[in-house]
Amino acid sequence: MHKGRLEAFSDGVFAIIITIMVLEIKTPHGTSISDLKPVLPVLLSYLLSFVYVGIYWNNHHHMLYTTKKVNGSVLWANLHLLFWLSLIPFVTAWMDENHFASAPVALYGFVLFMNAMAWLILQKRLICVEGNTSLLALAIGKSVKEKISPILYFIGIAVAFFNPWISILLYIVVALIWLIPDLRIEHSLNKDSQQAN
Amino acid sequence: MHKGRLEAFSDGVFAIIITIMVLEIKTPHGTSISDLKPVLPVLLSYLLSFVYVGIYWNNHHHMLYTTKKVNGSVLWANLHLLFWLSLIPFVTAWMDENHFASAPVALYGFVLFMNAMAWLILQKRLICVEGNTSLLALAIGKSVKEKISPILYFIGIAVAFFNPWISILLYIVVALIWLIPDLRIEHSLNKDSQQAN
Amino acid sequence: MHKGRLEAFSDGVFAIIITIMVLEIKTPHGTSISDLKPVLPVLLSYLLSFVYVGIYWNNHHHMLYTTKKVNGSVLWANLHLLFWLSLIPFVTAWMDENHFASAPVALYGFVLFMNAMAWLILQKRLICVEGNTSLLALAIGKSVKEKISPILYFIGIAVAFFNPWISILLYIVVALIWLIPDLRIEHSLNKDSQQAN
Amino acid sequence: MHKGRLEAFSDGVFAIIITIMVLEIKTPHGTSISDLKPVLPVLLSYLLSFVYVGIYWNNHHHMLYTTKKVNGSVLWANLHLLFWLSLIPFVTAWMDENHFASAPVALYGFVLFMNAMAWLILQKRLICVEGNTSLLALAIGKSVKEKISPILYFIGIAVAFFNPWISILLYIVVALIWLIPDLRIEHSLNKDSQQAN
């Protein structure tokens, strides 16, 4: 089965999620620059969620680039990932409106955690279709990032009930770890094209 | 006529419908985990609608994959299906806000029923264009699911006025029946490619 | 210049406009079927706007199908059309909320009129790029529909201040005239492919 | 790496941003034509933002058309641009609601300024990937528009605190400068194809 429509549909959902969050940002009531101050944390949490969705889109791009075959189970694993991604605007809004209170920050971490799980499931489904000797399977290999992230999210969720700002810091750290595009895949692609030559 | 833009436009509408529903989920007023309790049924009904739209997208993907030709009547049959799909966020919201009262649950079933009808019309239009001996016509063959679903919706609508939860259960049952991607089409595709070899 | 991205971007805007209008439909407050009664006119005006956007998408599909070349002026003529299309949800909402009062119905007609003008401009730009002997120029030929529609809109706008329902009727008539996909283009395409054989 | 998905995703975000702003336009309360008067400035600022997003889409189209290779840094430079573009609906709404007060008009200019910066970064990243002798690098050459725009935005921001209407005028002037599609690229493309012949 062709992967084109899977990519097109996913791109649509990614695009909507990433821009829908702006709708959450309520315009300040006053008209002076200082009236923007309460909007600032909202903007920063929007930025964090924007970067997270961006990371997922970026890696989704990389991962499917190496993929050739797609089947029904991949379609559903992908929809499962999109489901958890689509909850990011909701938890971002709850976190904003309550000035980074404990429970909202913990829930934000939980949704990030579920996204990470959904990502791993999609990866497994793709390797299952492509085979263990495929480019994707080799590229992933020893996935350190995928193993560290859930642990950091988990700590973030627990710590949120003591100091939510440490949780936010942990979420930012995970984002920074991922911000570097999936160099492993790019690396193995380069090696592959060199061998071809 | 080329089917590419039909797919692209449909993917866009599918993507918007599936993510627009998150906008309906209002953030809870409190900041504790227990404040999430009233959001839970909303989330579950969102999940049900998400799965339904996902099923339609999945099968839309399968059905158009086997299609080569598209004409004006197919474009309108497709728009007709998208119209009924676009009403799903509206009925989901009405159902949520009234805690699964009889009328909203019945209307939800009615919209699902109309979607099923619109799906059958689109299928018929496609077979009409492709011909009775086409891959699609053969793959559909004896469509048990397509015949059972409207009946179950119909029962769900009627039962909603006595016990809406039984209706919800019926809608979930139909979703589960469909969740398994259209194996018939995949099966006949495999047979086709084997014969080609 | 390639027309692919013009189509993709337009499909995105069409998809958003057609589904955004559902967001305008406010869920009724009560929980009985009779509470849906005030929603009915809203639904019907949504249906009318849905059909109009559908017609434009359909004909956009047909028109660009016959096009090969695209330049900067076409991109802007297309954006101009999308601008007027994007105002349809706004005027639909104003018409709904005021139970089809004179001014909103007249404004609805005005936006439809401007859409028709924007359509003609886009058509002219495309023929200008493609040349007078192109398939598109021949297919359009003696465009009766394009000439009747603005006149009917014009009458609709004027009549709205006496009886808005006659205006609505006129808008429905124009929609019905267009609902039949652009048979002229399909016809000339068929003739073209027969000559090729 | 293939540029197809970068374009598809960007088109989605562009389409959403350009149509989301209509949602900001609140329908007037009265039902007479004169009730539209307060909506008029809102419509005009929507038109300005629409034209700006249209310009960016148009030039994005032109710029990526000449591009062949794409890498991780380009993906992020593109996301960075989309981030600032996605803030346009927010600042447009704030400006509208406060009848073009000083601070909102200055912030609008600031977001336009950041968009211009993000555009330059994306351009640099692309030339870096494509090489200094690429079509894109030659086409950009002596970029007068890119250098004048930030200066005009800067003046606009400063002037907003004295007379916001002069700022708006400056923003309109920049829009008009850009409205003419990137003729430099089209020109060098033509020369290129003539040399090829």
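Chains here go by letter, A, B, C and D, matching the order in which they are written, and residues are numbered from 1 within each.
FYI, contacts are C-beta pairs under 8 Å (C-beta built on N, C-alpha and C of every residue); 3 or more make two chains touch, one makes a residue touch a chain.
All values reported here derive from a predicted model rather than from experimental measurement.
Engineer: More than half overlap in residue numbers between the two sides of the subunit A-subunit B interface, or less? Answer same or different.
Structural biologist: different
Engineer: From the centre of subunit B, which chain's CA centre is farthest?
Structural biologist: Chain D.
Engineer: Using CA atom averages as chain centres, what separation in Å is found between subunit B and subunit D?
Structural biologist: Chain centres of subunit B and subunit D, defined by C-alpha means, are spaced 38 Å apart.
Engineer: With centres defined as the mean C-alpha position, give me the subunit B-subunit C separation in Å.
Structural biologist: 27
Engineer: Residues of subunit B that touch two or more other chains: which are they?
Structural biologist: 8, 12, 15-16, 20, 23 - these are the residues of subunit B that touch more than one other chain.
Engineer: Name, in rising order, each residue of subunit A that touches subunit B in their complex.
Structural biologist: 1-2, 5-6, 8-9, 12-13, 15-17, 20, 23, 71-73, 75-76, 79, 82-83, 86-87, 89-90, 93-94, 97-98, 101-104, 106-107
Engineer: Going by the contact rule set out above, which residues of subunit A touch subunit D in the complex?
Structural biologist: Within the complex, subunit A contacts subunit D at residues 7-8, 11-12, 14-16, 18-20, 22-23, 25, 27-28, 31-33, 35-36, 47, 50, 54, 57-58, 61, 65, 179-183, 186.
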